[in-house]
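Letters A, B and C name the chains as they come in the text, with residue numbers starting at 1 for each one.
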Amino acid sequence: MKGKKLLALLLAVLMLATVFVFAGCSNTKKEDTSDAQQTEETGDAESGEEAAAGEDTSLADVQAKGEIILGLDDSFPPMGFRNDDNEIVGFDIDLAKAVADKLGVTLCVQPISWDAKEMELNSGNIDMIWNGMSYSEERDEAMNLSEPYLNNDMVFVVANGSPIASLEDIKGKTVAVQNGSTAQDILEASDLAADITVVGFKDNMTALLDMEAQGCDAVFMDKVVANYTISANGKDYQVLEEGLSPEVYVIGFRKGDQALRDAVQQALHELKEDGTVAEISTQWFGSDVTIIE
Amino acid sequence: MESLFATIDAAYMSKLLVILLQGVLTSLRIFAITLVIAVPLGFLVSFAKKSKYKIVSVPINIYILIMRGTPLLLQILIVYFGPYYVFRLSYDRFAAIIIAFVLNYAAYFAEIFRGGIESMPVGQYEAAGALGFTKAQTFFRIILPQVVKRILPASANEVITLVKDTALAQTIGVAELFALSSKQASFKTSVIPLFVAGIFYFVLNWIVTAAFAYFEKKLDYYK
Amino acid sequence: MAVLSVKNIKKAFGSNVVLTDISFDVDAGEVVAIIGPSGSGKSTILRCINQLETIDGGQITLLDDNMIAGTSPDGKPIYSPPQVLRKMRLNIGLVFQNFNLFPHFSVMRNVTEAPIHVLKMPKEQAVEEAKDLLAKMGLSEKHDSYPYQLSGGQQQRVSIARALALHPEVLFFDEPTSALDPELTGEILKVIRALAQEKRTMVIVTHEMAFARDVADRVIFMDQGVIVEQGDPKEVINHPKEERTKLFLKRYSEDN
């Protein structure tokens, strides 16, 4: 009997913990929509090609609820990741905060599974994907993308002392990538594809660990991330000089959310003008490496 | 291997423990709420499955078949994203995790309970009936206590699996123990956070195992 | 005066007819033994009277209560309201072949559970009565034991005490000794004999011929779902009239 009571007490405590310790992005999409519609009825009716599918209330929605939800895979240093205080930080996060300030809303950061990012976006659980996301035609099809804001190369990372020194050496080897990344798409579409074995992991870290454990010979990943990992964690890796097609990072919005996308783009432009972008970039990369116009 | 342990020092370790304890709390919340709802629901489902009305038993059979026949990972995705595609309704991801876990685990518990109830000798029902116990009295006083003893080992398996399955919550971005540890592993490019998470899971399941051993011993007074 | 009256009972499991047309009465204080080969339907009749099986036709009356209230248009019997059935059930104590004790209850609780929760008897009274019953069964030392700690004979004595605890009008025994080792049957037969001397109304399904002859006031011989012969035990067992009875008793004495 005593045991049962103890168990019941334990469960009760856990249940209480659930009620009180729950925090996160608001997810009251339904209410927001009705609010937004009211705002919109009284105000502007700016709509372009989306008119047939209903008016574009994306910006009004975000402003009405007072927050913009950024979805990210929070294991992507230095763009967006959890630091040793468990806070989600990164270049993208700082930049997004500055943009949110401009828009007069709070930035809310929502970790998601990278594989499910399109579903998260489409179902309205997040407002944008801003996470060192490389441009690709497929993504351009699936989302409403911003202008590129950062250059990125996709590079091969090998262990120090690896016999691999050039693209030619990669042939016949096993290369690890993150599932759902453009690294995966690029590699599989490249001329190398026929000559290599590609292994997908859920994040770059697992891919790198696989390389350390000699499960694969190289990891194909974003140069920005590779460089950060090597410098911040003192990793004994080499980045090959030769890479594959250079890339750019973009921000993804829902198809049809043109007003929100334009507002963010405009805010980025203004932040570039007033030097905020340079400041943030210098903090993370040592100089302004952005390509925002 | 040496580099796997690089950049982990005592100061970071203590920070890591704090972070992972937050993850443990989330995992335990998923665990406890699922258990508290799925166990009684599993009982109801096990009765519904045995219902003589086809309109009840057939859907319940299909439900159990689907829950046991498809990956929990997929069920989580459908429970969370499905309502949007059907009703344009998006909702809280923690709630989605609870719904998915409860639906899945209730199906498994239902089958365990059904096995336990069906293993009861008919003589127990007959003796109770002959003594004038009502159906409810028979179930709660005579059958259920014995069923509990019979299903304890199988339930322990299920509960231990539940502790580990909470790691699937990261699929829809719930920051449970495994998610937080892999973020830290990414941050440090090190497996240490994953190892530590493994220790946490191990300790949690050690407690679960000990709790079940305790209850089994408590019920050991009869055979 | 008949305490229990069984009239024209019919029972079939699917196409297998187990009881063809069974009728008999049991008077107050009478001990009736039902004998017959296995599959003769002798246990089924007890189970029908105790509502563990439904009947396909006929009437069972216990004191003033009828089990069957009427007949439906398709010829099936309509059972009386639950409260009547319940009352009838409580007036019968049933002792099973396999004891069917509740393994998770102590001996004491096996005996007191029904009086407390079915009869709503105060717990103290139930425990007092149980103590007396268990003492009568020679189990005073075993109050706190669990069924698995007892021998078969002891378990069967607990189950007799459990049946008696509800103060039934009639006590049924369904082959009470056939699950027991031969050396343990004696203790059960002794208990039943003592109950007979108290003038308890009892119906005993058994294949202990010597016991039936010594204890019963009347013996009913059943075969293939019908009552073949009944009467004074010594007459039926020592000088059977019917061929089938003779055959059965001959085989029985050869086997033993």
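Throughout what follows, a contact is a pair of C-beta atoms (placed from the backbone, for glycine too) under 8 Å apart; a residue touches a chain by one contact, two chains touch by 3 or more.
Treat the numbers as computed from the prediction; the structure is a model and nothing was measured.
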**By mean Cα position, the chain sitting nearest the middle** = B
**Asked** Among the chains, which one keeps its Cα centre farthest from the Cα centre of subunit B?
**Response** C
**Prompt:** What is the distance in Å between the mean C-alpha positions of subunit B and subunit C?
**Reply:** 47
**Message:** Using Cα averages as centroids, what's the distance between subunit A and subunit C in whole Å?
**Reply:** 78
**Asked** At what distance in angstrom does the C-alpha mean of subunit B lie from that of subunit A?
**Response** 32
**Message:** Show the residues in subunit C shared as contacts by 2 or more other chains, in ascending order.
**Reply:** none
**Complete:** Per the touch rule, the subunit A residues reaching subunit B in their complex are 3, 7, 10-11, 14-15, 17-18, 21-22, 24, 27, 29-30, 71, 74-77, 81-86, 110-113, 116, 119-120, 122-125, 202-206, 208-209, 212-213, 229, 233-236
**Asked** Where on subunit B does subunit C make contact in their complex?
**Response** 121, 123-124, 126-133, 137, 141-142, 145-146, 149, 221-223
**Message:** So in the complex, the part of subunit C that touches subunit B is made up of which residues?
**Reply:** 50-52, 86, 89-90, 92-94, 96, 98, 100-104, 113-114, 117-119, 146-148, 159, 162-163, 166
**Request:** Give every residue of subunit B touching subunit A within the complex, in rising order.
**Result:** 1, 3-4, 6-7, 12, 15-16, 18-19, 22, 25, 28-29, 31-33, 35-36, 77, 80-81, 84-85, 89-94, 170-173, 175, 179-180, 182-191, 211, 214-215, 218
